[in-house]
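One chain, chain A, links the two complexes that follow: it is found with chain B in the first and with chain C in the second.
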Partner chain A sequence: MAIVYVNDKPVDIGGERLNVIQAAGRAGVFIPHYCWHPALSVVASCRMCLVEVGEKKPDGAVAMQPRVVPGCQTPAKDGTVIVTNSAKAQGAQQQTLESLLLNHPLDCPVCDKAGECLLQDFSYRYGKATSRMIDEKNQPPNKDYIGEHITLFADRCILCSRCVRFTREVSGAAELQVVSRGHHSEIDIFPGEPLNNKLAGNVVDLCPVGALCSKDFLYKQRVWFLKSKNSVCPLCSTGCSIHVDANKDIVYRLRPRENPQAQGHFMCDEGRFDIGYINARDRLKGPLVRQGVRQVAVSWESVIFGLRNDLLDAARREGKSVAAVVSPYLTCEEAYLLAKFTKGMSPEARLYLGWVPVQGEDDTYPKDRQGRPLQPVKFTIRAEKCPNRRGVEEILKHFQGEVLYFDRALEAAGAGEFYALYLTGGYPPRLGEWLPATVVAKLAKVPLLIVQDMFPSAAQRAAKYVLPASSFAEKDGCFVNHAGLAQAIHWAVRPGSLARTDGQIFLDLMERRGLVHAETLRKELAMEAPFFAPLRDGVLGDLGIRLAV
Partner chain B sequence: MPIAEKDVTWVKPPKMGLLERLYLPAIAQGLQTTLKHMFGKKVTQQFPEERPQLPPNYRGVHRLNRDEEGRVKCVACYMCSTACPARCIDIVAAPSPWPDREKYPEVFVIDELRCIYCGMCEQACPCDAIELTSLFDLTGLSREEMMFDKEKLLSVFDQTATKGEDPIRTKSGRLSIASEPNV
Partner chain C sequence: MPDFEPVLLRRIEKKASPWLDAYRTDGGYRALEKALSSMTPAQVVDEVKNSGLRGRGGAGFPTGVKWTFLPKDHPGPIYLCVNADESEPCTFNNRILMEEDPHQVLEGILLASYATKASTAYIYLRYEYGKSLRHLQKAIDELHAANLLGQNILGKGFNLDVYLHRGAGAYICGEETGLIESLEGKRGWPRIKPPFPAVEGAFRKPTVVNNIETLACVTHVIDRGADWLKTIGIAPDPKNPRDAGSYGPKLYCISGHVDKPCCVELPLGISVRELVDKHGGGVWKGRKAKGCIPGGISMGIMTEKEFDTPLDFNGPGKVGCLGLGTAAVTIFDEQTSIVDVLYNICRFFAHESCGQCTPCREGTGWMYKIMERMRRGQGRLEDLQILDEVGKSIGIMPGTTICGLADGAGWPVKNAIAKFRGELEDWIRKGKKSEHRTRVGRMT
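Up next, the complex of A and B:
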């Protein structure tokens, strides 16, 4: 039991080791700060979090320290008194802001950070409206050579050194440092050693001002036009919590969302910058049906009707000859619908887990300059490049007791065991062609081949029915990551005008009425499959729910 | 059910007197009005031969100003499109090809049909790059023609820069230094 008094309000912080910023946060009082970040070490260099601190003695007397102290560097303990609303504390904040703005160019209209900039926000809330600076501002030149994805507007920098500490403590290779001294201090790299590690993009989010910007997002949109949806990065089984920022059905950027259960504060550049495919022009736009040698575009009504009848006929003739390949890029709800549809046609129909892409080995950070991983591990990019293998496996286990893998499906297809094969994909193109020509030759033996994928491929050209798949940014549902954490994803952009989401296609094939409602389907899944029982409320919250490991 | 005869009241027009039946006083009255307008003050303007005198705060077509070197002055900050209540301004920003600026508009299109000429873009602009002019008689044969792009808006500036009437006055007193360089 430790009681801290924040602006005369007592708050119990228990036995936790908190600093004054965090303790005040428990009492609902926000102390502005730039250099302090919960995932980085404390330097107390920005001086924004200056507050008055004192101690309440056992006899009730309060002894205040004579000067203001940085809140990030001061531990909160039993009896600590924090004052943020006194004239002294507020004056200190105001003076700090005036000093930080001495050399800041105030080019907010052309700065990408405007709208989500802490310098703007704090100036508005704690600063002064005018500056007393009459001398010329120090304007160091821009450095667009900082990294492949990163550019530095050195004149906007307030030298909080968050980025420097990030490259030293989390990504490890310490590419960034502060060069020169005093008034001339600047962030820079060693010559010829740019910031190109796989976590580099995080310095853009860490930067409290518009100094470090992402070259991919530079000048694309003003941030107040973007609508943000909570989602999960699909590119590896870590399942980083993210924000998807989109406007007018175009995804402009992904940002990490803090989630201690999933990945912490950050995300990797592989996931962050791989968004081009969502709005790619060459995506499959609508359903196609083979007529003779050509595939022609047809209406959804006729595709659903024809496909359902063909599948039911095949299942009636011989249940064993019907199979569905459930992609680990499908959400749990979609996998559940596909499994239920397939098993509903015939209990003998088979379900296979789709291709699980694995690239190299788990990549852990921090890494030293030679690229050797260091302990303790602070971030892991997993080798398994799909978001929902765990979830799909559990659904397959529930429906047929075992998990059949993708190579078994290919063998069986090569041996001519299938009359009908429903193949779901939805893999981002960076993973490469997921069905090489040798595999497609085997698949071509299946008379009724259905391919549901995002991009044209050899398999798609061999198929009788082609259905467009949706990307993670277009659908609702949940993914189960490598550690069994179920997290919700929400749509940020609409699929093309002719497309339907994967879940909707399955619902239509099952002749269930209505639109996909992920929560309802999740409840249904939780009632049916014991592994998913913790999801029975249907609501996953922002941080997700851990399922039995 | 039809209306019963007893419920119906028949109204007859009032009987006209002799003078009224002559119609002559009424004709004289009409001619009087005609003559008054023939010799009175004329209000019709012979547009387009005659140009109207507009009030100085009349808000017409936009222009995109040029800087001293003849380049587009806009820095693509999107303040105008953010302020626009009709959402008629479409900008695509790009890194600028000039060293003294970081950003410039690669595309700048105003849908003049959608615009409500409220002048809020002009008020929002931090560098006086967009202004409303007194040009009011814009015409076009198609909707596409009325989407004014960057070149068209710059040409409006070229047309109006030396006329002395523009930009329009949205407030009393002097305009910014950018709009009145020689004052």
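Up next, the complex of A and C:
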């Protein structure tokens, strides 16, 4: 037990090794800081977290240190006294802010960061409204050559060096550095060595001001118009916790959300910048039904009615000629509904795990300049490019005792074993055409082929029924990552005006009333499948629940 | 007081003073032989500690005490870094030692390495000192040839390698942790402490950082004994229990508006007035002095009235200066404008601030901009208030920076405002402009 006194309020920090910023946070007192970041080394150079500290002796006397100290660099121990609201501490913070603003341009109206800028926030809360400097400000040139996705507004930089430390300590190749000296210091790259690693986008989130900006997001939206939803990146089985920032049904950016159980603090650029497909024009918007050689758009009512009858007929004739392929891009709730619907038609109907895309090998960071991975590993981009293989497998195990893989589904289709095949996809286009032409030729032999996917494809053109799939940003549910961590995703944008979410389609096919409510379905799943029992409350929280060790 | 017999500078006028044969003829490496044959490393440390020798680099930390901070029984390697990055303006005493008597320094390095059990010594040499580089390198080569460096020195089983490392011209690399970072090949940004270099320094190993002049003194402390040093200089103030005294000879540099700029060796505690009148040939052109910088520009400014202050480790502090510093006295005469002096000082620190801590990076730049404007005749009275505020708020003493550069940057500014406020206000009110058109170089 260790008691720390924050502005006279005692708080127990237990046996943890915390610095003064963290200890004060336990007492509900926020100490402003720029250079300190929990995932990076301590440099104590921004001097924003200056506070007074002292020590309470066992006899109750308090001995304060004569000078202010940086909270990030000062460990909190039993008896540490932290004072953040004294005139001295506040004066020091105010002076630091005045210094930071000396050469900072007043271009908030055109700055991407405005609204979520720590310099704005701290100036408002801890600083002064006016500057006393009447001399000309330094105006270092903007550097749009920093990286493929990154641009630098050097005049806005406050030299906290978070980005520099990130490229040295987490991504590893140390592309960024500080050049020049004193008040002319600038962040820059070595000529011809741009910041193009797969974690580069994180420097934009790390930057407390608007210096490092994402070219992808630049000038697209004012951040106060964005609505943020907690979600999970679907692009690999790491399952990074993210924020989906959207406005008016357009996803503008993804940002990592701190989750020690999942990935830590960061996310990779593959996931971060792969949002274009969500609002792509060529997505399948409504259901199509084959009439002769053409597929025509029909109403949802008629397609659900027709499809249900066709499937039930097939199942009644021969149960094992009906099969469903459950995509690892479906949420657990959707996979549960599809499995339950399929097995409900006939216990002999078969369930297959959909295509599990694997690209290369797990990609670990940091990496040195030659691209060799270094220990200890701080971030992993996994080779398995789907969010919910683990969850779908567990559901299939529950419903049919074993997991049948996708290649066996294709073999069976080629051998003409299926009369009806319900194929779910929903893969982002960056993974490539997931059904090659030879495979489609096999599938075309299935008389009742149903394809539920996001984009037009050869398989879709061979199908009798075509249903639009929804992206992760359009639905509620949960994904189980590689380590068995179940995390919730929440819809941020609505599927197109004619589309229904995957879950809604399954629900309608099952003739269950109402709209998809992920929590209810999750409870239902938890009651039925023991693997999912920890989810019995239906609530996952922000950090998710670990289902398996 | 009878004339002082120089110790550190006693050989510089002699023929071939830098080279080994001449040095040995004058009794060189006697102290090393004595230490290696009859003293343990701990005895050498004790001898230096008992002598009361304080570091000559600026901060005046007791040298022997510094050596005792090394972890006991460390498996090694332990490094000795020799701070030869003499970049404090107006200071040139290390340079004379390195150019004219490098063996005296190298003997000190050998003794210090023996005492601290260091296996490697790095001399971090200021980039601008080309002659020092050549002389030191030649002296090191001579030592290797004479088995005074390398393996099994003098057959006593003591090993040491000495490397010369040339800096790239940055003031901040004279700060001990900035020096270590630079030595490791990184940007010269001072490190946060703890850990102190004695625990984790160069290449994450225990490291001692000593100044050239300190090490030259070590040679004589071992040669002549701890008690000898105590016969020179000023004893501790009995009223001040924290005073470690100011023992030993010191190289004083005299520059600026004097007739004979020079470097002289005198016992610690001489006054500025005596230095200028007796050794510097008096203020030039028959003028009077207006003030001086007592120990490198980071130590602040002294007025002419304060010239009787003794230049020992405590004296300058009594008249509001930061300390003895490098004991490099720069006189400016009565016709020099304090605005020009301050402008030059602020320009130096704005240029040399490493840019790591916000208060120093921005504060030094701001002070420079204000002084630049003031010398163009566009100063405002409120600028003095800003300068004073910035000068007092940056540095380790108020706790707002990592290293002491900012203290040095702020000190002369706040001294000038306290001591020359009338002149500054008069300058601003009358809108005077500097007579010196020169703006040397371009600030980058």
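A few comments on the model shown:
As a convention for this text, the second predicted complex is superposed on the first by the 548 of 549 C-alpha atoms of A that agree within 3 Å, B and C clash if a C-alpha of one lies under 4 Å from a C-alpha of the other, contacts with A are read in each partner's own complex, and residues count from 1 in each chain.
Keep this in mind: contacts are C-beta pairs under 8 Å (C-beta built on N, C-alpha and C of every residue); 3 or more make two chains touch, one makes a residue touch a chain.
For clarity, every value in this text was computed on a predicted model and none was experimentally measured.
Touch criterion not met for A:Thr501: it reaches neither chain B nor chain C. When the two complexes are overlaid on their common chain A, residue A:Met133 makes contact with chain C while staying clear of chain B.
In the superposed model, A:Asp107 makes contact with chain B only, not with chain C. Of the two partners, chain B and chain C, it is C that touches more residues of chain A.
Residue contacts after overlaying the shared chain place A:Gln295 against neither chain B nor chain C. Applying the stated contact rule after C-alpha superposition, one finds that A:Leu50 touches chain C and leaves chain B untouched.
Common to the chain B and chain C interfaces on chain A is no residue.
Against chain A, in their complex, chain C makes its touches with residues 170, 187, 192, 350-359, 361-366, 369-370, 372-373, 382, 386, 389, 393, 396-402, 443-444. Interface residues of chain A, counted against chain C in their complex, comprise 42-48, 50, 65, 67-69, 73, 92, 95-96, 99-100, 102-103, 132-133, 135-136, 138, 158-159, 161, 177-178, 180-185.
Interface residues of chain A, counted against chain B in their complex, comprise 107, 109-110, 142, 153, 218-220, 222, 224-225. Contact residues of chain B toward chain A in the complex are 75-79, 82, 93-95, 101-103, 126-127.
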